[in-house]
Amino acid sequence: MKLRDLAERLGCRLEGDGEAEIARVAGVEQAGPGDITFVSNPKYKSHLIGTRASAAILGPASAGDQPTPCAILRSDEPYVAFAQAVRLLMPAAAPPPGIDRLSAIAADAVIGPDASIGPFVTIGAGASIGARAIIYPSVIIGPNARIGDDCILHAGVSIRDGVSLGHRVTVLDGAVIGSDGFGFARQRDGTHLKIPQHADVVIEDDVEIGANTTIDRPAVGETRIRAGAKIDNLVQIAHGVRVGERTLLAAQVGIAGSTVLEDDVVLGGQVGVAGHVRIGQGAMASGKTGLTNDVDARTVMSGYPAVPNVEWRRSQVLVRHLPDLKKRVAELEQRIAELEEKLAECRTSDR
Amino acid sequence: MKLRDLAERLGCRLEGDGEAEIARVAGVEQAGPGDITFVSNPKYKSHLIGTRASAAILGPASAGDQPTPCAILRSDEPYVAFAQAVRLLMPAAAPPPGIDRLSAIAADAVIGPDASIGPFVTIGAGASIGARAIIYPSVIIGPNARIGDDCILHAGVSIRDGVSLGHRVTVLDGAVIGSDGFGFARQRDGTHLKIPQHADVVIEDDVEIGANTTIDRPAVGETRIRAGAKIDNLVQIAHGVRVGERTLLAAQVGIAGSTVLEDDVVLGGQVGVAGHVRIGQGAMASGKTGLTNDVDARTVMSGYPAVPNVEWRRSQVLVRHLPDLKKRVAELEQRIAELEEKLAECRTSDR
Amino acid sequence: MKLRDLAERLGCRLEGDGEAEIARVAGVEQAGPGDITFVSNPKYKSHLIGTRASAAILGPASAGDQPTPCAILRSDEPYVAFAQAVRLLMPAAAPPPGIDRLSAIAADAVIGPDASIGPFVTIGAGASIGARAIIYPSVIIGPNARIGDDCILHAGVSIRDGVSLGHRVTVLDGAVIGSDGFGFARQRDGTHLKIPQHADVVIEDDVEIGANTTIDRPAVGETRIRAGAKIDNLVQIAHGVRVGERTLLAAQVGIAGSTVLEDDVVLGGQVGVAGHVRIGQGAMASGKTGLTNDVDARTVMSGYPAVPNVEWRRSQVLVRHLPDLKKRVAELEQRIAELEEKLAECRTSDR
């Protein structure tokens, strides 16, 4: 594709040679002639100076910018333009439509037009698969589960019975949706009686669920992931949790039972959220934060127990300097002891 | 089922209309006519006032209780009564007994009566499956593994060779039991020589193991999960660990090699336990705690490095107020400097 | 095997009866006659006194050593000798070479000589499997993936399209290699546009990858695990990460996007590393550490935010003693108030 055409497709302003042929998107360090590149992290902006790429997608020009050795596509949303460039130049190779003969599909399951069902896929009784859905090998879809149009379920995913996925949901390899919530009632003899967990899990449209992530179903009520939420790998979503629209959960996050994340929440890697709390709209938590109480909308939290990020940074600097503080207190104690002694002398001498 | 009959089956005292027909257990907010509900968390007790449920399971009456708009089943163990109500009213839909023709079962494997073996299940040579066991699709059971009666192995579970499961063990989707422990010997050239891990893993009766949880086998000795332990999703149990009876491990807990959890231990989400330590009977740790040393029986630990919970709460409040403490120290330093100066003046004027 | 022969094979010095027949390696507490044992943890050295083993592998003799009731094999590298003893005496039972008829192998996939392909394995178009590779049941290998010689892929592993594994790579059950990186561009309306992640993942020779671990691919560039790295269970490696040679990552570690671990890094369990940082050669972090900045070579880090381990230990002791420090400050405030009063009196009386 000519750079000029690419600029037009991406809605970018072109600076440089529009006739250059662009075949690939590549990282700034790997890029060569015929590649367009992008720098996501300001730390690496200087790498652009030495790039061999034919073009780069950048944000609006600013005063301190160094000249680049390649053509530029300017965008107010450079990251979106980059995403679109990847989509245009490097489309996914999807498996062809059709049902593999080595699959086990219940007689009454409904498979939408142009769906692709790989080998060793199990689809239970009463389940339905939407149009153009791609079901990779060894996926297991339980009875009465519903998979919407244009869903992509990667290898080894388990969708338990009755779970409902909206349209354009992507589930990465090995994720489990609808496993039993961790619910037990402690009996008088100390043993734990399982509370059967058969209630609903609903995954709304445009959700992405990471590899080996687990989403549990509750005994009553429902677990719900609302539209547009994006969940990374190895995340645990317990029974009865509600994850708000457009929420971003980084890898290894854990959300305990019945907690509500409102819309647009962003949780960093390895964050833990206690059960039965509500995290307000647009609230954020940095990596490893432990949230044990409700969080107000648009607050940024850190640490465990979590406090507002600014406060956490301040107190963590002080923790680091505790040896210093302790020394200052010890010095004060000595100085005050000396003072007390001197004053005593002073008053004695007064008499 | 009539409420009167349900009360009798659950061993509850009935307050209200025993003739009401109960068809379902539902959450307090979703419940409607024909539903019985339950409030597990005291925070939500007030929700009962507005419920449309026909009945609610509650604990013994207490002074401040608000009147409820529905019939009540009183129980001394309301959570157990709730669990039993779910079991009665919402039984699991189990797959029918029989062996799917698309399974790969070794000629000498022993399959107990009324077991259900789904499609794409592999059962290795010399393995045995107990009576009434349910093996969901795509489960892999290695050679010589033993699966007891009434076990339920959900989709995609991997039970490695020689692993032994007792009776009534439930393993959720994608869990791995008997994978190689992380054991390497560092050689002079800095490379790591694998120590083959072929020793035993024993899962005793009535254990539940969560989705995508991993339980490793050791090189020598055994890894053992004792009877009645319940393990949530994405938990890591390293080689040679012993988990005590009735222990509860919340999601994303990690236990390093050769550690012993005695009976009735309770670990919150994302807790980590170092290798070669012993956690005493009934000890607890709140979420995200890091246990690096032995813990006495019945102690509640928190933080990292872990300290008794009461102590941790107190010191964390102080961490939060460190800026204040630092300011007080700075003020003291100023006041003492002034005092020293005044006293010097004072003594000078004395002369 | 006679103990004398074993000593020779392991390069150990024999102390005691070389004629003893050794059949098994066993833990010090389980070992009986015919077993050779080993104590990895100094804590358990005293257990040797009561062992019923026929022999034990030990390091060089030292002054305080108690006499042992069994023969001894002395080694300068006792852990390596132990590893080799396990390899000699307890070899793995590998499945026989051959391709199971219940597998789905693309017509143009290349399967090396003496490879073993289990039931329900999917191998995509253009993929290649090396000589003597063992592919356990229900593994999924995507189109154009390359698996080197002597690789072992355990049950349920997913190797996505185009991923490349070197020789002698072991991947434990349920691990996912080449899943989509967590990359989205936030659009003006607040929704997240997926950046397709189709670039390379390269796993070099002699790497081991734990059960249910996930390794993502990037949009551009590559994710690379260098030779001899050993990765435990439930670890998350994000897109574009580079893991150095011989690096050890304990269970539940998470590495965010584009981060570089240089060679010989060692990270304890549940450690988190932020994106776009560089961890220097031979650096270490204790369990649960959160690394958010570059780390110098050979540094040992702890805590979150991470600081050098020595510093962390010191400040954590002080955190624990904060109630004491606070009390000392309060006492100082009282003493200083008294002093100020006395001095004021003193000066008043001077006038």
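All chains are identified by letter, namely A, B and C, in their written order; residue positions are counted from 1 within each chain.
The criterion applied here is as follows: a residue touches a chain if its C-beta (ideal position, glycine included) is under 8 Å from a C-beta of that chain, and two chains touch if they have at least 3 such contacts.
Just so it is clear, the structure is predicted and the values come from calculations on it, not from any experiment.
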Query = In the touch network of chains, how many steps separate chain A from chain C on the shortest route?
reply = 1
Inquiry  = Suppose you list every residue number at the chain B-chain C interface; are over half of them used by both chains (same) or under half (different)?
reply    = different
Distance from the mean Cα position of chain C to that of chain B, given in whole angstrom = 24
Note = Where chain A touches two or more other chains simultaneously, the residues are 102, 120, 138, 156, 174, 212, 234, 252, 270, 319, 322, 325, 329, 332, 336, 339, 343, 346, 350
Key: Complex contacts: residues of chain A adjacent to chain B   = 102, 104, 120, 122, 138, 140, 142-143, 156, 158, 160-161, 174, 176, 179-180, 182-188, 190-196, 198, 212, 214, 216, 218-222, 234, 236, 238, 240, 252, 254, 256, 258, 270, 272, 274-276, 290, 292, 304-305, 307, 311, 314-315, 318-319, 322, 325, 328-329, 332, 335-336, 339, 342-343, 346, 349-350
Query = What does chain B use to touch chain A in their complex?
reply = 25-27, 29-30, 37-38, 41, 43-44, 77, 79-80, 82-84, 86-87, 90-93, 100, 102, 118-120, 136-138, 154-156, 170, 172-174, 206, 208, 210-212, 228, 230, 232-234, 246, 248, 250-252, 264, 269-270, 287-288, 316, 319-320, 322-323, 325-326, 329, 332-333, 336, 339-340, 343, 346-347, 350
